[in-house]
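Following: one structure in structure tokens, then a few remarks.
Chain nomenclature is as follows: A, B, C and D, assigned in order of appearance, with residue numbering initiated at 1 for each chain independently.
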């Protein structure tokens, strides 16, 4: 590697965000990735015959999603559900129910294949198929999250091209900012591994999606400690939940404890991702808008 | 992957279950997988010469099983022992003692090879050899659990064909349900990784069966938190124990603490798997029946 | 695998042990494996040039061993040091000091290569070189522990042939027993992964010897919970310590807490491995004897 | 491996150190490795297009470094920042700010490739490029830390040849000592894996830099237990922090708790690495000197 091979320039543009905190010390976005069988089928269709693996993933839409919706109802909290196209097609009731219960539905790829491993044409196809699939459910998504959070420069440009208003896949801040895709302003609502349930709970031998199972009490501690400290920095706390993991009884209780902790602070707001995106982009009315 | 390659249809049929809760808030099935050396020999017969690995596994039938039986006696609790054919042949006293002490013996494959890696003929041979082996001990099993819980569609059909009444390998619920195998009704008693001792305790370099050793106190917390939360959902808590792991002194104490916690609730029942299966299938007398 | 390929017979003989408990509820053997650079060099001599890896291992004899000896002195406790030949040659002062301070020195292979990966001739050479090397220090070992605890049937026979009195590598009990090697009686003092510091503390990227670092408090809990429960079974608690790991300040403190816990019970005895072996074998005077 | 292949001689020379404790019970060096994108780019330039991975690393210089600097200011503590050349070129403001705020800047390779995998010529080039790059910022480094701490014998010699005064990459003690590089005296300030944040917090799938995320409370316990025990041995506690990891809110709080603990002892001193090096080498005035 010679000097010229190390670009000094930044690799993605950033611009400051509008006032999205609005007096809160921190804001929580509860984001639910309804992966279901999609990450497994993305690794090979032969898993269709692996009933245990299929059933492990199906627990999400079948049992986890209804329980998470009930918990959100109990606390009257809004959430954003990122739904791969494959999940929407396999579990059409999920799409209907989530929207009916007043939550946002956003894009999460069609097949849950990771953009970094796709050609530009494949990335485009993923978005087109997702939009077409969502349209059949009457859903016009304004936001996107890359499967496994693995974006390329081209992914951002596609979001701009298709008129998406926000992405939630990058990690270079814990406060939202404005970036550009195909020259259009896109709100970035950054995520991070420590606010994800996957790294704490995922265990499955075939395919290997994780190898350890932590106690829910550890996860409550991890997440409440982060939120508590984020209150000192005015951060956006994007929590990422997977119904096939967090939908288990003791983990739902852990999520509830996190929610109770956040509410007990008095200065933490909950919001849908699209609401934060609208504020970040400075949309006049502070509410979300559909794709251009 | 085109649209037509993603099947929208469900991949295994489900029907509602009979009243198996019977007024309890949750039911615990203590299931003991007496793997002994079988999972190791399934990976290669050369392990016969690896005395440390062989002895690590032999601890199960030699020391772990008697201690677990004593613990069950002390609390007068019923349990279900899933025994691979290889274990039954290598440790005949285990089969005799477990049945004598009033527990259920059920099938767990013959060689502990995972069904997803076997041909249909090999899967059939595994069941036939198990039934033949069990018959020599006078045992007529009514239930089955796939080695490593790794079932295929064909596995379910074989259970129906051989007249088995229940399976305990799938993960798409935490309440039992009725599924079909070769057109016959089969009770599914679902399991999950977090209620298994393997993921918490298993460590062995050759073959690699796990790489970390958690404290028993963490395991008590994991299991009691799950059972406590299951009481709110009317769940079936199928705990899976391996004598070569849970048979160690401090882990037996952890199991005892879980049992004491369950008993202290007052509304949690313990049952053999076959009893739950009979209730789920709506057998008149609510008791288990043998294979058709 | 056909029936005939699954041997029903046991794979190593066992006979009952003499009275080694002698009224204690449990006995602790503190065993110290002074591996130093040997496990690393066994994977490739090119590690000689990897100063960080070499220094990570050298911490053991350089800093860890003297500190462990001081701790043992403070509590007037006996211990057994298993020393690979390579360590004895590279760190001659360790051999001298350990013996001088009244502890047992036993064999741990010459190069720390695992017996399961060696030919019979190589296994023999490992023992002959170790005995020759020990002889130069005036040490006549009576016991052996296989590197990584990975024994073969042939390993046991070699111990019998060379007149060793005990082995400490197998895992099928937590009470000592008598086995046979070349027809001679050998005491087995069984070990287990959960009473080893390696699985809790070892981290090194090249070569990969482990990938996680647990808090000493977890290790204290793991070991004291096991010893406490062992008191109910009359077990032998063989603790295995590696000076390059346990020699770190906070881990020495964890070892001290374990020792204090054991002493506080009032019915737990500490002993050298050779003393337990002599009692197990029923040697008249209950003390260790040299090789025949 | 024959006898002659196992060198009895030591693999790096050591000499005793000057009085660096100066009456303290232990000394803490807060060392900050500002890796940013360098370890990722060292594994392949294609990661330039992996926006999530790039952003995960960029969190360090963008958000983590300013927060760590603020924390140090609040407690008026000195620190040493090890900065790869690639980071200095990509994030020039980091170099400027760190020096301005009164901290030491030291070398950490140019590309963050591990010395053990480089030829001698490549190792030399890494140092020459680093020195040239640092010179453009007016920084004359006196110390070095190998990327991933993976030194060779040649690395030490190069430090001597280029007049560096100290290294901080080896692990065979927890007290500093004097070693030789190209015949010149070099202070070694030893590190260890358990006092590093990487092993506790690092998680990233592509490239795989770690696979688990521990709670900050565990890390506080790990580090304070080690420092507390080090006070009994007169040790140098070299804490290693990565801004892309420790820069997260709850982990900054963990670092602050460690600092508060150290300060509460009353007999623990904080120092820059160069100050300890000068005392170790016995420089008359006890302060750092530039390269010869």
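Note that contacts are C-beta pairs under 8 Å (C-beta built on N, C-alpha and C of every residue); 3 or more make two chains touch, one makes a residue touch a chain.
Keep in mind the model is a prediction, meaning the values are calculated, not measured.
Engineer: Please state the rotation angle, between 0 and 180 degrees and to the nearest 5, that superposes the Cα atoms of subunit B on subunit C.
Structural biologist: The superposition gives an angle of 90 degrees.
Engineer: Check the residue numbers that subunit A and subunit D use where they touch, and answer same if over half are used by both copies, otherwise different.
Structural biologist: The interface is built from different residue numbers on each side, given that under half of them are used by both copies.
Engineer: Taking the mean of the C-alpha atoms as each chain's centre, how many Å separate subunit C from subunit D?
Structural biologist: Roughly 35 Å separates the two chain centres.
Engineer: Report the inter-centroid distance (CA atoms only) between subunit B and subunit D in whole Å.
Structural biologist: That pair's centroid distance is 50 Å.
Engineer: Can you list every residue of subunit C that touches 2 or more other chains, as numbers and ranges?
Structural biologist: If we look for residues of subunit C contacting two or more partner chains, we find 211-212.
Engineer: Can you list every touching chain pair?
Structural biologist: Contacting pairs: A-B, A-D, B-C, C-D.
Engineer: Taking the touch rule as given, give the residues of subunit C at its contact with subunit D in the complex, in rising order.
Structural biologist: 41, 45, 48-56, 58-59, 62-63, 67, 86, 89-90, 92, 111, 201, 203-206, 211-213, 215-217, 248-250, 252-253
Engineer: Can you name the residues of subunit C that touch subunit B in the complex?
Structural biologist: 1, 3, 5-8, 11-12, 116, 146, 148-153, 155-156, 169-174, 190, 192-194, 199-200, 211-212, 218, 221-222, 225-226, 228-230, 232-233, 235
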